[in-house]
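Okay, so subunit A shows up in both of these, paired with subunit B first and subunit C after.
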Partner chain A sequence: MSLIQEAQARDGGLTSRGAAARPAAWSVTEQPWAWAVAVLLLIMPIIANGFFLIEIFGTTLILGTIALSLMFLAGYGGMVSLMQLTIAGFAGYMVAVFGVSGNANISLGWPWWLATPMALVLAVLFGTLGGALAVRTEGIYTIMITLAIGAAFYYFTNQNWAIFNGHTGINTIATPHFLGIDWRMDVAFYYLTLAVAALCYFAVLYLSRAPFGLALQGVRDNPRRMAALGFNVNAHRIAAYAFAALIAGMGGVLQVWNYRQISPGSVAVERCIDILIVAVVGGITRPVGPYIGAFIFVILRTFALDFLVKVGLDGNRFRLLIGLGFLAIVFWSSDGVIGLYERWRKRGERGEARTRPGGHGHG
Partner chain B sequence: MSRFIERHAIWSLIILLGVALAAWLIFAVWPPGLEEAIGRKKVFLSAVFNGITLGGLYFLVASGFTLIFGLMRNVNLAHGSLYLFGGYVGYGISSATGSWILAFIAAFIVVAVIGVLLQLLVFRRMEGQDLRQTMVTIGLSIVFADLMLWAFGGDFYQIQTPAWLIGPIQLPLMTAMKSSGEAVFLQYPLVRLVIFCGSVVIGIAMWLALNRTRVGMIVRAGVDDREILAATGVQIQLVFVLVFALGAGLAGIAGVVGGTFQSISPGEDTRFLLASLVVVIVGGMGSIPGAALGALIIGLAEQLGSVYIPTYAIVVTFLIMVLVLALRPQGLLARR
Partner chain C sequence: MDRVADRLSALGSTAALELRGVTRMFGALAALTDITITVRPGERRAVLGSNGAGKTTLFNCVTGDFLPTSGTIRFFGEDITAFPPYERIRRGLRRTYQISALFLGLSVRDNVYLACRGVSRARFSMLRPSANDALMQAAERLIEAVHLTAVRDQMVSELAHGQQRQLEIALALAGAPRFILFDEPAAGLSPTERRELVEILTSLPPHIGYIIIEHDMDVALRVVESVTMMHNGRIFKEGAPHEIESDPEVQELYLGGGHE
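Entry: the complex of A and B
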């Protein structure tokens, strides 16, 4: 609920603080079983075969990383940006345009070590400009503007043939080879995504406790007071957009390496909203939330068809399932799956049913 | 108006020059040099008319969106779904009964009832929690989109235009002069003009209802400060339900219009949601005249853009939004 309360607190001048006063307190380093998860992730290639390794765990880590950028903006900055997938898709397109692909008339054919940083720089630029636009207005308007940016980019990629190759997109994009390893091989690619995801995760965790992150949380809670204290509110917000764009861009680069093709379908409005769903379902107050949400989302997306057919329903109703699940989470849990877990744990500790302070806004 | 001219003399001049230029482009017979430079006048006039009539459709969708937002601070991202559902209802009724008018009435009522149910069952429970309401509308739009895909499939539907509206009409606007000195006039589909007039009438009726009636006064007061309004003893929940019903019903009507103009299919909900977002951002959140102005600008930009710069048409729309956000972040006609 914290995010929503934050928004309320800003809009209505309320000062009630939610349970997530210290959002970073619940991190991997303080949970004993987190070490088990970390070890499990490291030895995953021994347990899982190619399909599970890439289609489930690799995809989860990529999706989680893109959603992490939204979590950073929403959880610490109070800005719900729906254009994070657009930034990721933009980075992916740039990798395809500057790097090597099957569409030789579009791709410039740069080596990967030049094309990737270029794509990331451009993605950060895109995110920063979009952020500068979004911070012109506040709160609820951010969603509208970022959604409009995302939708405009989707329609633009559909219309434009010179750079984005219209609705067919760009195919057979080259993936990096270095140190004698083909980094698109299952195990190598899995470790690559794991490394990037871990890097982004710990970067967000670090930043949430660094002076910049603390100032950002101050801006989220009370922009007016922060401005009075001499902080440049808009500069902090735009810097947050830039950092989130870097994370989203890395996720986008990995995604384009994973699928080896990109088309407007990858940046459609539904995909942008999927990222919000992933982040909200996982929990938007802690960096681990997006990864949990992404895992649930990927599992559902992969197995919903079989499951629905088994129950006797039409297998194509996957999005209905996702939508209803999302509605249920928004209705009953303030903070996604993490919120549910926390409530359950608190109940266990105290031995009595006690709602979290953040959960009172339900009735 | 005169205050505006006094305070923004340069802007007024620019706007006046723009209007004069547009009027000349529309009414004058183009000199040959101009025709060579930017194509035939007929193409331009058709694009302008398409833009204006599309603006009428955008206004119908966006006015409900902006009304709901203005009063309830509810960014209803399921508004596109209401539009699409209205279109499907209209298609069902018109193909079952053959009556086009009945399709409008049915679409308005059915979608308005859905709006009432949404307000009573969902949004009333989370009043004042803007962000959570928005999340719920996102979830609802996904659920609605999939339910409609389930029920109606992925096909394109077009609502049958009634016989008395089929065919073009000759407008008193010259497109060219024949060598014999005979004037060639613009032919334009009658149904689009009728629908445009309909949306203008609806717009004026809404403006009158908001500015000249007691209920309108209550709604305007609610837009300004709903807490104080509730404190004065007005049954604000009833007003909320009515406004939500009206806004949703307008989206339903717009669906029938869109189904007659173009076609309805999955994906149109997102398209019209985006259109309403941009229209409302440009025109000003919560302002009906703003929605009208924004719809006109966006409709014209889209159509003229798709004629003259086809692969970058969406960029024009987007640039207008950026420009407005940069110069007047609250929107062109918003008060705050």
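Entry: the complex of A and C
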């Protein structure tokens, strides 16, 4: 929790150096290079082959979307939830259970356009109930209770054979075919993940300036005062969990379509913590942070193995690299890569023109 | 409880705020003992007393931050003793804090807008307000009323102390307040800022009553018509400002006490 608060404080300190206040909205229009990234993402299938397109960029977008749900809760709501991957995994399991899979004794065989909304509704329900438990706690206890939910779900999927098929999980899950397109084909699936990621990203960005998002930031900064302004603080927090669950659920549906199988390993406790690492490394003060974090994470996960083998170390130590990177980021920039970039940019601005109207403040 | 009797007594009651036998214990320590106060609508009252007299605890009980251990609190006749804070606020009660309780990560405008939104409908709205949104305009007017127009786009963490105190008041004026609790609004203000504060308080619409906790007698006694003295969690004396000021017991206990 202190990490988050520190990040918030640092963020406040940064903006205090800016000439005008820049609220937490990093819209595409404010960042000229963001257009370049957008164009690059759109024409990616021309540049990248199947492996890069799905294993790197598709996976980044999916992981980033799940981490975005944590960013929304932690960055705007001050609530660190470690159950976001569990919600995503739950949505994935529900797609498998309600839809079509190789385990005909479990799957109900609904068409994808029924199974997917059902999975999302149940994921939101899961997130709302988990949130209703978690909002009764603050800070480290929120982390503990959401981690407990994640761990409980992991062990439950391991032991339940009737719905979750125990430790073998559910395989050969059907993916959607519509408009004459097989959406599991590389290019189609890439554009699907890009569309969902963009939808979630812009939804969070938009919401951050809408009354609901502003009130959430108010709850983060001072819950007691929010109550003294007429807000039902816990109801607001639970609603935030519900919205975050919808985002995580969408990421989970894409995840299961990507791998076409799901097993307890997909919802293990380490996976839950990976989401936290992704969000913190990228930066939890802006919606773009989780995607940057996810990109770094996926690149490391994919290439660190080869790199380590090349320098004569055990390839399985790639988590060591991720861990060191995580430590370095947290040590030098509590608001992640985004924070590093912002400080670097601010330094550049200050070098050009020293016209800052004082007020260096803290940070 | 007898609900008919409850409603009848509510009809007969004209008090804005009525506390009956309010006691608040913290463990074995009684922070408030048997407090009974009646404040008329539009009445402006100061609550004085040394540190630890129970003034802020009294506010916390009225706004619902703590529930009283015993006793009842009525707000315009309605029994609000067990209401959560936000239900009291939605009925027209407001408060400010001794130590500014603002949203440091948001701009001045967003702070005031949230205050306006909190006492209106659609608190969960997922649509951004348009430029001519009624609440946004109400927020602009409030910002102007507390002289913060020049800094309205700045982060609250950037504001000077005096400006934060003014914003603190603006948040309490949002919507349609019927009764406000001011907790040391002049704390840390310069003499000029104190004069502005007195001006803001005296220019409030007459139907808005308030209770003010204030150590600065120049501020407190100029903006109120009645005074309640508290000591060790009990009401010690009540009266008009000049009576309290000239009361030898009060002078002994409080004014001449040397410490704030």
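Everything that follows uses one rule, which is that the second predicted complex is superposed on the first by the 329 of 363 C-alpha atoms of A that agree within 3 Å, B and C clash if a C-alpha of one lies under 4 Å from a C-alpha of the other, contacts with A are read in each partner's own complex, and residues count from 1 in each chain.
We adopt the following convention: contacts are C-beta pairs under 8 Å (C-beta built on N, C-alpha and C of every residue); 3 or more make two chains touch, one makes a residue touch a chain.
If you're wondering where the values come from, they're calculated on a predicted model, not measured in any experiment.
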So, A:232: does it touch subunit B (first), subunit C (second), both, or neither? second
Check whether A:120 is in contact with subunit B, with subunit C, with both or with neither, and answer first, second, both or neither. neither
Check whether A:159 is in contact with subunit B, with subunit C, with both or with neither, and answer first, second, both or neither. first
Compare subunit B and subunit C by how many residues of subunit A each one touches, and report the one with more. B
A:210 in the overlay: touching subunit B, subunit C, both, or neither? Say first, second, both or neither. second
Looking at the overlay, does A:224 come into contact with subunit B only (first), subunit C only (second), both, or neither? second
For subunit A, what residues appear in both contact lists, the one with subunit B and the one with subunit C? 8, 11-12, 361
Contact footprint of subunit C on subunit A as seen in their complex: 8, 11-13, 15-16, 20-21, 23-24, 206-207, 209-212, 214-215, 217-218, 220-222, 224-233, 236, 239, 359, 361
For the complex, give me every residue of subunit A touching subunit B. 3-4, 7-8, 11-12, 80, 133, 136-137, 139-141, 143-145, 147-149, 151-152, 155-156, 159-162, 269-270, 273, 276-277, 280, 314, 316-317, 319-320, 322-324, 326-327, 330-331, 361-363
Inside the complex, what are the residues of subunit C that reach subunit A? 63-65, 84-86, 89-90, 94-95, 97, 101-107, 110-111, 113-115, 117-119, 122-129, 153-155, 157-158, 171, 174-175
Write out the stretch or stretches of subunit B touching subunit A in their complex. 73, 75, 77, 125-126, 128-132, 134-136, 138-140, 142-143, 145-147, 150, 270, 273-274, 277-278, 280-281, 285, 310-315, 317-318, 321-322, 325-326, 329-330
